[in-house]
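These are the structures in question, set out in turn.
After this come two complexes, each holding chain A, first together with chain B and then together with chain C.
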Partner chain A sequence: MTAAAHPRPSAVAQAVAIAGRSVKGVLRQPPQWVPSLVFPLFFNAVSAAAFDRTRALPGFPEVNSFLTFLLPATILQGVLLGATAAGNDAAVDIENGFFDRLVLSPMSRVSLLGGRLVGSMALGVVQVVFFLAVLSVFGARLENPVAGILVLVVVGALLAGAVGAFSVSIALRTGSVEAVNGFFPIFFAALFMSSAFFPPSLSGGWFETVASVNPITWIVDGLREVIIEGWVPGAAAKAVAVSLALGILAIFMATRSLAARIRT
Partner chain B sequence: MTEPILAEGLVRKFGDLVAVDGIDLCVAQGEVFGFLGPNGAGKSTTVRMLTTLLSPSAGTARVAGYDVVTQAAEVRRVIGVALQDAAIDPIMTGRELLKLQAVLHGIPRRISRERGDELLSRVGLSAAADRRVGTYSGGMRRRLDLALALIHEPRVLFLDEPTTGLDPTSRMALWEEVRRLNGEFGTTVLLTTQYLEEADQLAGRIAIIDGGRIVRQGEPEALKDAVGSPTLRVDVDPDHLTRAAEVLQKFGEIRPARSGRLAIGLEGGAARLAEVVRALDAAGVVLNHMELDAPSLDDVFAEATGRRLEGAEEPPAPVEVGG
Partner chain C sequence: MTAAVEGLGTTHEPSVLASSGAVAWRGVLRTLRFPAIIVQSIFFPAFFLLVYTGLYRAVTELPNFPTDRAANWYLPFMMMQGAAFSGVGAGFATAVDIDNGFFDRLLLVPGRRISILLGTLGFALVRAVTVAFLVMILGLGLGARFTDAPLGLPLLFLGVAAMSLIASCYSLGLIYRVKDQRVAPMFQVGIFVALFVSTAQVPLDLATGWLHDAARFNPVTNILRLGRQAFLTGGVTWTDTWGGLVAVVATTVVAGLWAYTGLRKYVD
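This part shows the complex of A and B:
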């Protein structure tokens, strides 16, 4: 075994292997993905039934069904629920020592982080497709299906990456599953403090103020415009750009957290 | 040729606690080096520094000629590591983990499949290879961990307490595997252990570590020879302890012993046993148990630290009559 080491491993192959393991890990633990598909649907079926009449209020967007209005909220909810699995898995790895094994391999830091995020994004895309399929059966409609699906998938993937990176960052900082799960309500509060479930302009007051500075509102409004109006480049760009910015910020945080954990 | 493991003045602090307090180490090519010490001695901390997982607070270390701080990536390519707590993912199967490990090390698929199968059979996990690791027993996890450490044929192998928690059969099998790797491939091995016998049997050279410092270093035989006289251990009636001690110290210096027991370095060896028994009898001491052992690594440890390593975590044994 004194022979020369193997050729330098490829960072892409490493990232693909890590992504594959993330996806497999999530799929093998149904509690990690079943709620992220079922809960948003259930929640939105209830809201649609309860609030359908609010569509008649002046100032409410013109939609064929409350489900169409809720489509962005459903997708964001699913992605929030699903992508925290990445942080959860990272924390479990740290707790059971597997993270040490990964760090001990000659793996580039980019693959270590990137692989996980690619895994999250892949699951995010699956969620978007699932929600679109189910809600369209129940009457949700895209004005321009091609543009709508494209924008929803891209934003879904970006947000899954962003939430994944943010939750992985918490995992790397704390090494604790509890801490990762403890952050979850914050994501959810942010979703409720946005235009996702109700037009803020109809409620007014502090809610309108908070929602107007919440980046999730910007994403939801952009998506909703594309869903209702069809291909609106400005709206699509807004949703994608805000998601991308959140993703870059989260990846920056995760990279810093990784460096801090490895150099101890 | 550079030394596989070379450390100078290695220190690691955790806050105020000095876990490793200035360790110098030089392990030669093809050596099996044993790191022997009690709980909290600093064995794992040293291993984690040598394997790039922890950065030293002071001092330097080179593994396979690479600096563990500035050339950590190079170090990781040539070392194999099995940490004290088996580092595995319970959701995956044994074979999947081996495959992942092979990809991370850049081993071509054709080679990795063959080598993976061979390793699985060598550590006795062929039948369990496609089961999730979460269903493995503690011993099976350790053996898988060893296989993971070997998939890339490392030049230098670090094993942190590889046999803690293994049954005697698995322990022997692991010793065989270490000997084979060392004998056939000349793999340099650094292993830590709390077991005297393991250090004695497996390691060509050992370092005894206590309180973060190396207190003795050398070949086991040489260290034991340096102790000199064999150890006589005596169990007596608790009421007679002081009287027995008075008698015994005429035959050699008192050595550390477990509570309720006495030990001396018997000068003159076995030839004087009868004399000791007569003297104790004359003093009216009731003997429960008596044993004479050639110098062991435990005696080396006791001489260096004033404490016993053997049975350190066990409660004192009940007094038995005869022997």
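This part shows the complex of A and C:
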């Protein structure tokens, strides 16, 4: 009788509920999302003004401003900063016991994880749109705006999902907010050791070697080609495929961490 | 009772130096017990030094760049960044003390209250110099070379000490006034903005637009100019020194007043 009165919601509805909770949780805590919007913009503004003259160096890609050159870096920086909120939320839920109550509920395990990732991806899309809007006011240009926005939004969402899944995986393994935040420098290091802030071909030496094997470089290079040259299917596919691959790997890790957490 | 206490002869007020030393020593002990604190202070300047010397190597090829080694340009900045964030660490430590009630107990201890401020600054200074020294060793390993060590090195460490004091006083003044740990992220934000809206990344002549204008009026630019002379072509000159000395004294005094009046407000 009870079951008839309260039919179990579908997995999609459950995931939407968790995603909504995740987004609301982030929105209610400005310290979690304000830095992910302000910090990348500040860094972009400072670096664009500092390094604009380097566009004259031989071998620098032809681009209307350093601001446009930095566009992928700004978006990735924001997404990396913002998406760790999913892991923080999961760790807080584990620390205060709410996660255990969720596990005891008839909720599907897929929704438990998927909901958080959808929440991360939604925030990632908002960030990309925000950055594009602000930076275009200050002179950032997309050669083909429709294609550029589409690719940037898709990659932003996929990367937010990937980073979100990775940080949730750490949260599920450790149950500690501190541990989740402790992993943040890894994302940060990966971004700085890539082509995000300067062309590695000009840097040369060890940096060029490290950047060339860094997946973030493959994403950034793809995005940059789409931004500067317009619709380049190969470049767009490279950025999307690498982001998707990282996402799949991170979701696999998160799924295993969830199974391990439930077993204990 | 008072007479009896006075008669004990053990409750006399300790000197400012002794009580400041005790506060500073507590900070040193805390760091020794949790080496992760010093590792965290070193991580970011060391990491950014490594990245910047590799990433922006080609920047030195721009016309009029004052050195042909990226490490020479970025090392003094990273040393000062490490010093500044060591100063911010003093603010964090005080925020924790205020939150758990230890700071209020410290206020009840006999002795002048300014010792609490001076001791905290002293500890931050020790930490900053340690961090800066270790970052300098790394920088030399990454290819930085002195052009005028005898005069330049003392000026560089003067800049390091000033950045530590300024950052400590800024964060302490803030936490004394707000008395809430949640203000702590503002320590980093304020220092981060002050450091980067300067000649942190490129010389003033190469900066463009708003950054060029803002960096001209930022005292950090002069302090960096002072410290960088040890590594730049031409060595130490009075032209590049006097502005830095003025910036060091003026900014330290203003920041010191900000922290001192904050402490007075807290006590009141």
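The definition used in the following text is that the second predicted complex is superposed on the first by the 257 of 264 C-alpha atoms of A that agree within 3 Å, B and C clash if a C-alpha of one lies under 4 Å from a C-alpha of the other, contacts with A are read in each partner's own complex, and residues count from 1 in each chain.
By definition in this document, contacts are C-beta pairs under 8 Å (C-beta built on N, C-alpha and C of every residue); 3 or more make two chains touch, one makes a residue touch a chain.
All figures in this text were calculated on a predicted structure; none of them were measured in a lab.
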Which of chain B and chain C A:Ala189 touches, first, second, both or neither: second
Just chain B (first), just chain C (second), both, or neither: which does A:Asn64 touch? neither
Which positions of chain A sit in both the chain B and the chain C interface? none
Given the complex, residues on chain A that touch chain B span 1-3, 5-10, 13-14, 17-18, 21, 24-25, 28-29, 93, 96-107, 263-264
Okay, in this complex, where on chain C does chain A touch? 43, 47-48, 51, 54-59, 61-62, 182, 185, 193, 196-197, 200-202, 206-212
What residues of chain A sit close enough to touch chain C in their complex? 31, 35, 42-43, 45-47, 49-54, 56-57, 185, 189, 192-193, 197-198, 200, 202-207, 210
Residues of chain B defined as touching chain A within the complex: 51-55, 73, 76-79, 81, 83, 85-92, 96, 100-101, 103-107, 132, 148, 152-155, 181, 185-187
